[in-house]
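The same chain A turns up in both complexes below, where it pairs with chain B and then with chain C.
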Partner chain A sequence: MTDTVERKALTGEQLLSAYRAMRTIREFEERVHAEFATGDIPGFVHLYAGEEASAVGVCSNLDDRDTIASTHRGHGHCIARGVDVGEMMAEIYGRSTGSCHGKGGSMHIADLSKGMLGANGIVGGGPPLICGTALAAKIKGTGGVSVAFFGDGGSNQGTTLESMNLASVWNLPAIFVAENNGYAETTSSTWSVASDNIADRAAGFGMPGVILDGFDFFAVHEAASEAIARARDGGGPTLIEMKFTRYFGHFEGDQQTYRADEVARARAELDCLKRFADRTVQTGELAQADLDAVDAEVAALIDQAVDSAKAAPLPTEADLLTDVYLRY
Partner chain B sequence: MGDAIVGVVANPLSGRDIRRLVTQASVFPTAEKANMIQRMLTAFGAVGVHRVLLSTDLGGISAAVFRAIGRRSGQHRGQHGGQHSPWPDVEFLDGQPIRQSAQDTVEAVRRMVTAGARVIVCLGGDGTARVAASAAGEVPMLALSTGTNNVFPAVREATVAGLAAGLVATGAVPADAVTSQAKLLEARAGERVEIALVDVAVSTERHVGARAVWDPATVSQLFCAFAEPDAIGLSSILGQLLPVARHEPHGVTARMTPGAARQVLAPIAPGLVVPVGVSEVERMAPGSVHPVDARAGVIAVDGERELTFEPGEYPTVRLRPDGPRCVDVPAVLAMSARLGLLRRTGPNV
Partner chain C sequence: MARNITYREALNEALAQEMERDETVIVMGEDNAGGAGSPGEQDAWGGVLGVTKGLYHMFPGRVLDTPISESAFIGAAIGAATAGLRPVAELMFVDFMGVCFDQIYNQAAKFRYMFGGKAVTPVVIRTMYGAGLRAAAQHSQCLYPLFTHIPGLKVVLPATPYDAKGLLIQAIRDDDPVIFFEHKALYDLTGPVPEESYALPFGEANVVREGGDVTIVTLGRMVHTSLSAAEELARGGVQCEVIDLRTTSPLDEDTVLESVEGTGRLVVVDEAHPRCNIATDISALVARKAFGALRAPIEMVAAPHTPVPFSSALEDIYIPDAQRVVNAVKTVTGWSR
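And now, the complex of A and B:
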């Protein structure tokens, strides 16, 4: 076997870890979907179910030197980056045990100790952040790479386009991951993205742009692995576009009158977890019993996260003046 | 309405794979694919094609052509009316769900065949031509390249290709005189079958992954329907060792060993010229069936990993003479010159 083949082949342990991360995201989101309907969760939530292969396929190539910036649909990116699931759930419930002490909520979960710069309520808010962290990594020579996830809506924001330009001009170790799930809120990307393929814009910034089946973990992992290795090596930024579908509405409560029943087909035929499990069991890389054990373990983890979150205290009035830059 | 019908199928996703990242493969913009179709429509109109059947897509190609048709009809009503040569009627093959997969190309080509298309023009890469060929039957195909990484489709100006397709569709040039049947390779693993127009590569990778084969170290066996010395891609390897032309009946196969004594410096992708170890090169006789040596891996057809196989499946590759019928563009226009088909007389024709 050559070096190349060895470098790319994933071990059973790595595959199981990827499955665990994808399953955790799915279980987390399905549970938040159910819990949100009870009215106990404050604020808005935007669920990532269906898109798991993107977050996990990319983040499974990252290490402690690296940072990511996320979106309003950020739970998947947090989990893929290793943010504590119990703290995330508590944050979504607005409890003081949450990742941000219950003061951020779903759209602001951040954990700098995990290189997670934060979910972001601002569409297109992530790309400028990673230009900063990527520049820092470049100046310090850490070998770190920064990844910004954004959606098809975010791809049309000036911040995103300026960041891609800056990353190319400064030759930054930055990866731009466009998660094109077909709709910016309720607006179809086939209408709102003038170049139709987001990846096509890469040529204008002098960086490579690739389109991937965002439901396929192996496609994402392979391309992300090459893009990240290239960035670490001083090769500069890359734009990767995932094509897929989100399983839930833009936000919980969205009636989804703007789209036909494409979700049922995606769940039945394209689902990343199903394809990953079928494939790895077929090749003998993983055993069904291992996958079943992960499923059970993850279900228990999410149960525990919800129970703990519900039992945790809310922030107090005194907490209003902590964790702020300036006391008025 | 006459029956000089041309089908045009364009793949919105061709030219977007990992080769943009790992090599410097070209990006072919959607807008340019739409422009190519518009230039062809002008050529079709000039030689009397009645109707064009155009595939629909979510990538923006058919939408751009639709808008262009709208603009032209507006202009015809205005002060610039009459300055354009007329375009044929364009029928958009909509009404079917668009899956954003190869199945869209198959469905579109099937509908073109059923509707009586006399030529099918296919815009894309080797992969698009391969998929279109699987559904074209006996209808002649004209494959145009939209990128730099292709062997089967020609890199050719769409206007000229449009003239050639139009002359065949109207019957001005007899199809039999200017088309030839390509070879194809049939890869079989158990019940699953895939065809290739250029090459079949056996890869030691376990998964289809990012699809494109871009790392020669992963290729253990290669089969080529033809192998031209000036090709780009995997077939270029054998093109330097035992060239086989498109019109020759046989093919060529080889085993690939990274450490082999015989190394070929080959352009296996745009921007990627690497030494490739080759052992045991041999001809493939027409109809011959060749076993795949590897116990498990992925079979790539025309450069795209497509067919995974497991121990016990014993895949095979067969060279078949009954590939798609292909329009020879230079031959069409040479015959047109001989017959004077594009000559007009007088100052006001």
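And now, the complex of A and C:
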């Protein structure tokens, strides 16, 4: 793809903010992993650790006009969009103080006031919805852009393929982000995706396709910036494929017998946080002390979130029947 | 002022008046204008049903044709509803719900509850249902029981032009997701409809005929079948009270129960298949809450547990007719221990 947008350097503040978001996701997920093992967290939990550069690289280009739809692996997208971490943790613990008052859980965390249309328990559930929010932005002339995140598994759903076609036919300000972490549950994307790359399908839907190293925040930020600017200007949708690895199993409890040693290698050599820190400190854009301060601040934030969640009240029986309808 | 117009025209008028009143109302569906990308007329069809005809030119940019991608555009209507629009999407035949049902029952229906009350999804999905046009197994089903089963959805089935207009206006103004069922055999039905805008509330059944001997609870096209039966029975001295439910979710339990308290006899007439349909639901309601009033076992008239057949020789006996309703009423009036 040709570089049509002049690359703008990120300010120190923007860099620190991106680092903070990625570190918050990592710390959140590592902690949920540890707490899940104690048996205190109910239900199904799918962790995003390893994929932070995708959520933050894309969402750091978005503003109040914009909407995203996420997946069952949605914590990272929520944090990147600014959803309150304390409320998220409380939701994962099923507490009434949670983002969804304990009625959604890990797979359904949403905050429409933050342009976050929900994690989604249905693979391929988000892309059609994002066509709608993009259509609303187009009709109302807000300049808003909508982003659908989906995995390599979701890339094979008809909903996703239909939505890419519709987005092109209607020329919508929509971005399709395929997070190819290598596995749909246990099934390798090298087996389930018939083309060499998910992004190769973009041509079939009349939109640009971009393939990225999903561990590289700067590559993601730049490609997303270009695609989002084009969408805002009426240039239509883009399909962006991230290639990377998730650090944990499909869900917590997954023994991951289908995997070799790729996680250890990724953590050692490819990790998005490590590379971000190395680069920004090396260029002098950020100081190691700034990053250390963020690390400490985030660790305290997550401690606080877990402590508060554990202490928070559970929903009561009266909550069972509320919020089915506005009026019935 | 009321004039006689068709069910189709009443629906069109409801859409036009709401689009005029509220610029967030948009319409989308396959061929809803018709002719997109073609060299000929735009607004060529106004929907395969003709319900949206003329809106394309009246409301530029707000009547959208779609590819044949029900998952994508029904989902888009739902997504747009969360973002401040009031979309009216047309699912051409309800039989096509199979290719987009996830967006309806896992997404639209659940947003409000599973997001802790933070989502508002004012979407209307209009859809055509029912047998009688020799459209065979994949274009003739009722299927409203499936939607009625889902918490978070409202389900509406107008039987007359007057109800079609008033209930569609209410559906568009309603803040919850509404599935709006239009019977394909009713589009040309004519009846009095006021020119001015009006909304009919959901959850209020309509007593379309009063009578003290037997309660007939019905909906949709079967309202007319039941009224024919009631007329014939009246000639023999049996007075039926005919109740049109109008909406199956919410359900007006009170009107049904009050009527049965008075008559002591119930016949439920439903074009849907007989298992887990509206007739079984109403029967269970009355058996639980008005058991003491019943003077005879409840009778149900429904389609058989088969796909809808094609041949007129078969379809005509598939669809419940007035004679079957008459027979059911005679069974409950003639019953003795």
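Keep in mind that, in the parts below, the second predicted complex is superposed on the first by the 318 of 328 C-alpha atoms of A that agree within 3 Å, B and C clash if a C-alpha of one lies under 4 Å from a C-alpha of the other, contacts with A are read in each partner's own complex, and residues count from 1 in each chain.
Operating definition for what follows: a contact is a pair of C-beta atoms (placed from the backbone, for glycine too) under 8 Å apart; a residue touches a chain by one contact, two chains touch by 3 or more.
Predicted model, so just to flag it, every value in this text is computed and none were measured.
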State whether chain B and chain C clash or fit side by side on chain A once the two structures are superposed. fit
Does chain B (first) or chain C (second) touch A:175, or do both, or does neither? neither
Answer with first, second, both or neither: which of chain B and chain C does A:45 touch in the superposed model? neither
In the overlaid three-chain picture, which partner chain does A:58 touch, first (chain B) or second (chain C), both, or neither? neither
Have a look at where A:309 lands relative to chain B and chain C in the superposition and call it first, second, both or neither. neither
Across chain A, the partner (chain B or chain C) reaching more residues is C
With the two structures laid over each other on chain A, which partner does A:282 touch: chain B (first), chain C (second), both, or neither? first
State whether A:125 touches chain B only (first), chain C only (second), both chains, or neither. second
For the overlay on chain A, what angle lies at chain A between chain B and chain C, C-alpha centres, nearest 10°? 120
Check the residue A:218 against both partner chains and state whether it touches chain B (first), chain C (second), both, or neither. first
Once the shared chain is lined up, is A:242 touching chain B (first), chain C (second), both, or neither of them? neither
Once both structures are overlaid on their shared chain, how near does any Cα of chain B get to a Cα of chain C? Whole angstrom is fine. 24
Chain A residues contacting chain B in one complex and chain C in the other none
In the complex with chain C, residue positions of chain A that touch it: 67, 69, 98-104, 108, 110-113, 117-118, 120-122, 125, 127-137, 139-140, 146, 158-159, 162-163, 165-166, 169-170, 322-328
Under the touch definition given earlier, write down the residues of chain B that touch chain A in their complex. 12-13, 16-18, 20-22, 27, 29-31, 58-60, 63, 100, 204-211, 215, 217-218, 258, 296, 308, 310
Contact set on chain C toward chain A in their complex: 26, 61-62, 64, 66-67, 69, 71-85, 87, 102-103, 106-107, 111-120, 151-152, 154, 174-176, 203, 250
Could you list, by residue number, the parts of chain A that touch chain B in their complex? 1-5, 8-9, 190, 195-197, 199-200, 202-203, 208-212, 216, 218-219, 221-223, 226-227, 230, 238, 241, 243, 279, 282-285
